[in-house]
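Below are two complexes that have subunit A in common, paired first with subunit B and then with subunit C.
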Partner chain A sequence: MPDRIKKFLDSGALFIWFCGTAVAASLLMVGGVLLLIMINGLGFFWPHALVEMTLTDGTRVLGELKGEEVIPYSQTPEFPEGRTRVRLKVGNRDLYGLDFRWVDTDRIATADSPNDVAAFERREWGNFYGRIREVARGDDVVATGNQEGWKALQPLIERANDLHDEIEHLQRDVIGDINFEIEGTRLRIRELELRGQREAPEVSELQAATKQLETQYRKHVATLRALSRQLDEYSVVLVETNGSEKRLAVGQIVKALRPNDMGLIEKILRYFVNFWSVLSEEPREANTEGGIFPAIFGTVMMVLIMSVAVVPFGVLAAFYLREYARQGLIVRVIRIAVNNLAGVPSIVFGVFGLGFFVYAVGGTIDTLFYPEALPTPTFGTGGILWASFTLALLTVPVVIVSTEEGLSAVPQEYREGSLALGATKFESMLRVILPCALPGILTGLILAVARATGEVAPLMLTGVVKLAPALPLDHHFPFLHFERKFMHLGFHIFDVGFQSPNVEAAKPMVYVTTLILVMVVIGLNLSAVALRNYMQKKFKASAV
Partner chain B sequence: MSSRIDVLSEYHQADTQVRPYATKMQTAETTMASTQRSQDIKPKITVENTDFFYGEKQALFKVALTVPAYHVTAFIGPSGCGKSTLLRCFNRLNDLVEGARITGQICLDGKDIYAPSVDVTDLRTKVGMVFQKVNPFPKSIYQNVVYGPQLQGVRRRSVLDGIVEESLQGAGLWEEVKDRLHQSALGLSGGQQQRLCIARALAVNPEVLLMDEPCSALDPISTAKIEELLHSLKEQLTVVIVTHNMQQAARISDLTGFFLMGELIEYAETKTIFTNPSDRRTEDYVTGRFG
Partner chain C sequence: MGRFAFANVTSRLCGNRIVFLCSLFLAISIGSSIQSWAASDSMVDPAWKDYKQVSGVSGNLNSIGSDTLNNLMTLWAEGFRKEYPNVKIQIEGKGSSTAPPALIEGTAQLGPMSRQMKAKEMDKFEAKFGYKATNFPVAVDALAVYVNKDNPVKCMSMEEVDAAFSKTRRRGHSVDIDAWGKAGLDGNWKRTRVSLYGRNSASGTYGFFKKKVLKKGDYKDEVKEQPGSASVVQGVTEDRGGLGYSGIGYRTSGVRAIPLSAKSGEGCFDPTFANASAGKYPLARFLYLYVNKAPGKPLPPLVAQFLTYVYSKAGQKIVIKDGYFPLPQTIITKKLGDTQ
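Up next, the complex of A and B:
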């Protein structure tokens, strides 16, 4: 018997089972995380049905059903399974104080989904669930009743959204440009002052230009005010399910939906519209609503700058260590140090980035090149460039290690063959070794991108913000604004999920942001993998 | 034939300065009204009193020999006897080895190749090399062949095309690959790859071709093709080949050097080495009694 056991153990069958189990467990965990994120994140865009309930005490509740659970410790002899309760998103934060409400199942007298209730997404105070009493223009009633009001409201909301777009355009592009120019002339004047040319003719010219710009500015602000007044022109009186009224300017409503009245196709369309608006819009309401476009943009741009910074550095360092340096104790120590650098906590890199890049380098750049803007720092404060550089520092060991591995995988015969043809060492490296090592280098890049996209802690010290006023890329010369602060998906998750006053309302947004962060990581990685495969095909064609 | 050996022994005794033997010999041979080939007999590489060290370990001991131009010279001997080391001294590929050190003198056309003024890359274009391990670059066939010429600054497409055809024809590969020049070189068979390496070496128009066991990884048919190639190659250049295969040395070479433990035991016409060696150890080796 022991013989058979020994034979079985020696056969390695058990070992194979262990290996398989390890792989299966890893896959299961990764798959579970992705599934959780996807279920919660993708469900967010679906127009959920509204439920109206009458409770045993006669009050009514209207909202989206968000889940059901057994009340903790409610098991009694009559209810061995415990009593249950449902969670509703009732919205109407301005009236109820809270968006969410628990209702014990046994208190529900009736529940149904009437077709005439609507969900109004508002610019402030979250959603309103209820019906329309009347639509008015100033004091004149335009339409009364839920049905009439709904019909009257649709074109008004569309018009209000157009107005909002117009205001947005005026504020951001037109007035933004004027402000940009005013700031530019102010800095130019300050620069001349610092040079002691206060009396130069250019100064008075600039001052005149500023005056002109300010006149323009005032004109546009007046237009803006007029437009804003138009937003308040129409108002709507909404009633919640218990009969309380709320008067609202139509301009406050982003969109109104009657989810119970929608067909499947309509809902699917709405799903994609919602998805797109989250991807493309800017956040509202302390980031808990609206879209996350600036965060996506900031994340991708930061990773791209990081890649551009980290690859040349890492590759050059690896080339030196592998090809030029005399292999000995010092190189070994350096290699160990590089490997250990990858294990340093990221917050330490953040502190270093703040001290070195932001204060030392950025501060010096400011005093040398932007003295006119001081005391307002230009580069001497957190910004996308410094954040990217800090992450580049964080990921450079990964690139060095994989490049070195790539280099050591290049057969010695290639080097000798190239040298024997009269190439110098540099030519051999450039024309034979580098192409062969490219897949290794790109593997390093893939790992670096994966690590950098998910990193948050160092960014908090070096330039990420909750809400950035402008993207780091726009139409103002020089188009790329490396000094600007930026938004980041990882920080967005932290901020929305854990720093927001209304955590329950923000929860879907956290899942959505997580989902999109994962998608961005996968997207960036896939493009790097595609690049690597292309290179491999080009340089390592297999035998036919 | 015997006169050639006499000439060679004369070289051995000669001093290390640039010597006018070639002309002297030519006139001598002309008077003998010999063939065109024997007129060309002149020393290509002369090795004088050379010691070679890998760090502390000495790999060559007082080696001295002369490689005649337009002949195939073979180095034979058991593994680790220093024959490859000597070969790699001829194009200074041993410079790459850390701790390598050489004393004595190796001259190409009478010029010391280890002199400080020598441009190593220049030397290597004159002295090409084919390796034991087949090593075409992971590029297309075309790019492999033009690698050397491009390094020398040849950019004109028409010139490169000409070089590619000429070199591949020189290596007997043209007919097999002319339709797929732009496919990966790694798609070729082992023997074809080795001939591509020969073509690649020929593309820079070398004066000497060093071959370090070029057939040891190849099948007999590919080996035969390469051996055949050597016969035509020696019309254009000087070949030095290291081989483990004594039949191969006997078949292809004009002169053979037998190495043992870093020493050149015997260096003579191939026929002499294999039929009537003067040293006992050579005889033991070539008859298979040892090694």
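Up next, the complex of A and C:
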């Protein structure tokens, strides 16, 4: 026996088992986290069934069932397992005050899921659960009763959503353009004033142009008003399950569903429609409802700007350290410093970014190039550029280290061969060493992207906001607006999870946002991997 | 030894109360009813005026300050932009303490704060501009003390809340309330530890609570400082023995906002609109917007219109929607005069 154990130990199989277990444990943990996020996040889009209950006191409750728990310390001889209670999302926040409600199971007399109840997603106050009493146009009743009303409501909601799209187009694109021009002329006039050319003919021209733009603006605003009035044209009277009424403009309803009346295929289709609307829409109601498109956009764009900033810096530094500098004490100290930089907490980078980029660099840029906009800062306040640069600083050690790894893996013969064939040192760097080190560089980029996407703390100091009025990329020259503040998925999670007043209702949104953040990280990484493979192939061919 | 004796004395003194509370425990746990004090229509003041648009309002508006007001500001911004699609509003809410520096530096025109400016902050502002910053109360918040929804505690006096949160106990409660038994609960609650949730020190809520409840005493070290008001509520939801403070707007079905009495022995009042406006609830407070207004000069039109919007019917209805309490028209009329 001892012999066999000794043999087993000597063979090294034990060590392999240890390694295998370690890998399995890490996979299990990653898988577990993903699974948790997916279970909580993916359920959000499913049209849940509505349950209508009559309680023992005669009152009724209508809502989505959202879980059950045993009431603590409620074990009695009758209920050895303890009594239970269920949590319902009852919506109708304007009537009840809260979206959720706990109901003790033993108070439920009957429970049913009738086909004629509907969930109305509203633009304000969250969902309404109930039935339709009547649909009216002004004071004229168009349809009465739940069934008739439901039929009459469908086309009206569609029309209202079209109107909303039109309003949004008018607000964001048409009026947005005019504003941009007005702001431009205002700044130009101010600039001329600052130069002492208050009387220049250009000023009066600009003023005339502004006047014209303002007339245009007023015209569009009038159209906007008219459209908004159309939204209020039709109204619907809804009744909650206990009979209280609520009159609502049809324009307030985003969509109406009768989940109990839907087939499986219909539900699946609805699932994807919901998923898409979260991905593509703007947030509503202080970010607790609607979509998260601006946050996805902001995250991706910030990571791209960061990548553009970090790669050249990191690669140049690594080349110098590995290829040009004389290896000695100083280089070793620098290398240790770089490695330590990777361990500095991210918030410290945030403070540095705020002090150096925002206040020092940004403030100087403002006084030199944008004096006409002061005291409102242009670059002297947080923005996507400063946030990206701060993250670039944060991730530069990763790129340096992995580029150095890549460089050290290039055989010495390559360098000597290249030099022997008459290439200068620079030429052999560019043509021979760089292509060979490329996988290392891109691995560094992948690690940097993964690190940067998940980072929130430094961003909070350098330019992330809860609600950004405009995307940092649009059709106005110069297209990329580096000074603008932006939204970020990680901050969105923090904000919705910790700051939103209706945290219960917003919780699924937190998981959805987390899920999408993970998807964005995976997406960015996969594209970096694809880029690496492509470059590898291309440079291998040309280097030989 | 001394402490034990004290505890005995108090528990004997409170004996009657415990019996009373036990019967209440039953009543509440059977009920688990919804306190529907937030029915929105009851708070609407008919005297509020509709907002009227004016011409010539445009530009950028930056707001930096309180996180309690963060959602409210965002909702107002959404509403204001419907009136003026040409206005851009950017909102940062990382704590009331971030508002004064932003106003002083000029990086923000609006400084939402959940407390009044401290003398030190005001001095710095005055040193830069030569006059004081102007505050506009924009909503009423009842700072609620939350317990887990299962917790049967009927009422707490300010002394008891102080004794639970503070190590200095400046309000003079005789014992440190570290278990729910010392707050008068019985049964399995008696030994349940009080698990404290509070805000981080940049928050105006932290400062307000410290000033009003602790009488500027010190918080216990074991108070779990949370990064946001909603996470206090989340913590208390998950923690059966939890006790935390947060704005009334953050109430959920997982917690209960307990009635408070200003002094032990006095009447207990729920954090409702009626009690807050009658001055009966001890922790009612104004939420403010601070602006930089030179004396004798009108506010910039954009800022003035934003305030007018906040004080309009639409603006105050948003206050209700966000779970806070609106202002009475008397204050609004007075403050609207100040914007001119």
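In this section, the second predicted complex is superposed on the first by the 521 of 544 C-alpha atoms of A that agree within 3 Å, B and C clash if a C-alpha of one lies under 4 Å from a C-alpha of the other, contacts with A are read in each partner's own complex, and residues count from 1 in each chain.
Note that a contact is a pair of C-beta atoms (placed from the backbone, for glycine too) under 8 Å apart; a residue touches a chain by one contact, two chains touch by 3 or more.
The structure displayed is predicted, hence computed values, not measured ones.
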{"item": "Which of subunit B and subunit C A:Arg60 touches, first, second, both or neither", "value": "neither"}
{"item": "Partner chain in contact with A:Arg190 - subunit B first, subunit C second, else both or neither", "value": "neither"}
{"item": "Which superposed partner A:Ala423 touches (first subunit B, second subunit C, both, neither)", "value": "first"}
{"item": "Partner chain(s) touched by A:Thr376 [first = subunit B, second = subunit C, both, neither]", "value": "second"}
{"item": "Touched partner set for A:Tyr414, first subunit B, second subunit C, both or neither", "value": "first"}
{"item": "First, second, both or neither for A:Phe498, with subunit B first and subunit C second", "value": "second"}
{"item": "Partner chain(s) touched by A:Cys436 [first = subunit B, second = subunit C, both, neither]", "value": "first"}
{"item": "Of subunit C and subunit B, partner touching more subunit A residues", "value": "C"}
{"item": "Overlap of subunit C and subunit B interfaces on subunit A (superposed complexes)", "value": "none"}
{"item": "Sites on subunit A touched by subunit C in the complex", "value": "71-74, 85, 87, 94-104, 124-125, 170-171, 175-176, 178-179, 182-183, 217-218, 221, 224, 228, 284-287, 375-377, 380-381, 460, 465-470, 485, 494-495, 497-504"}
{"item": "Sites on subunit B touched by subunit A in the complex", "value": "91, 93, 96, 98, 121-122, 124-125, 128-129, 131, 133, 135-139, 147-148, 151-152, 183-184, 186-187, 197, 200-201, 204"}
{"item": "List of subunit A residues in touch with subunit B within their complex", "value": "326-327, 411, 413-424, 427, 431-432, 435-436, 539-544"}
{"item": "Subunit C - residues contacting subunit A, complex", "value": "29-30, 32, 34-40, 55, 58-60, 62, 67, 70-71, 74-75, 77-78, 81-82, 85-86, 88-94, 106-107, 149-150, 187-188, 226-231, 233-234, 240, 247, 249-254, 321-323"}
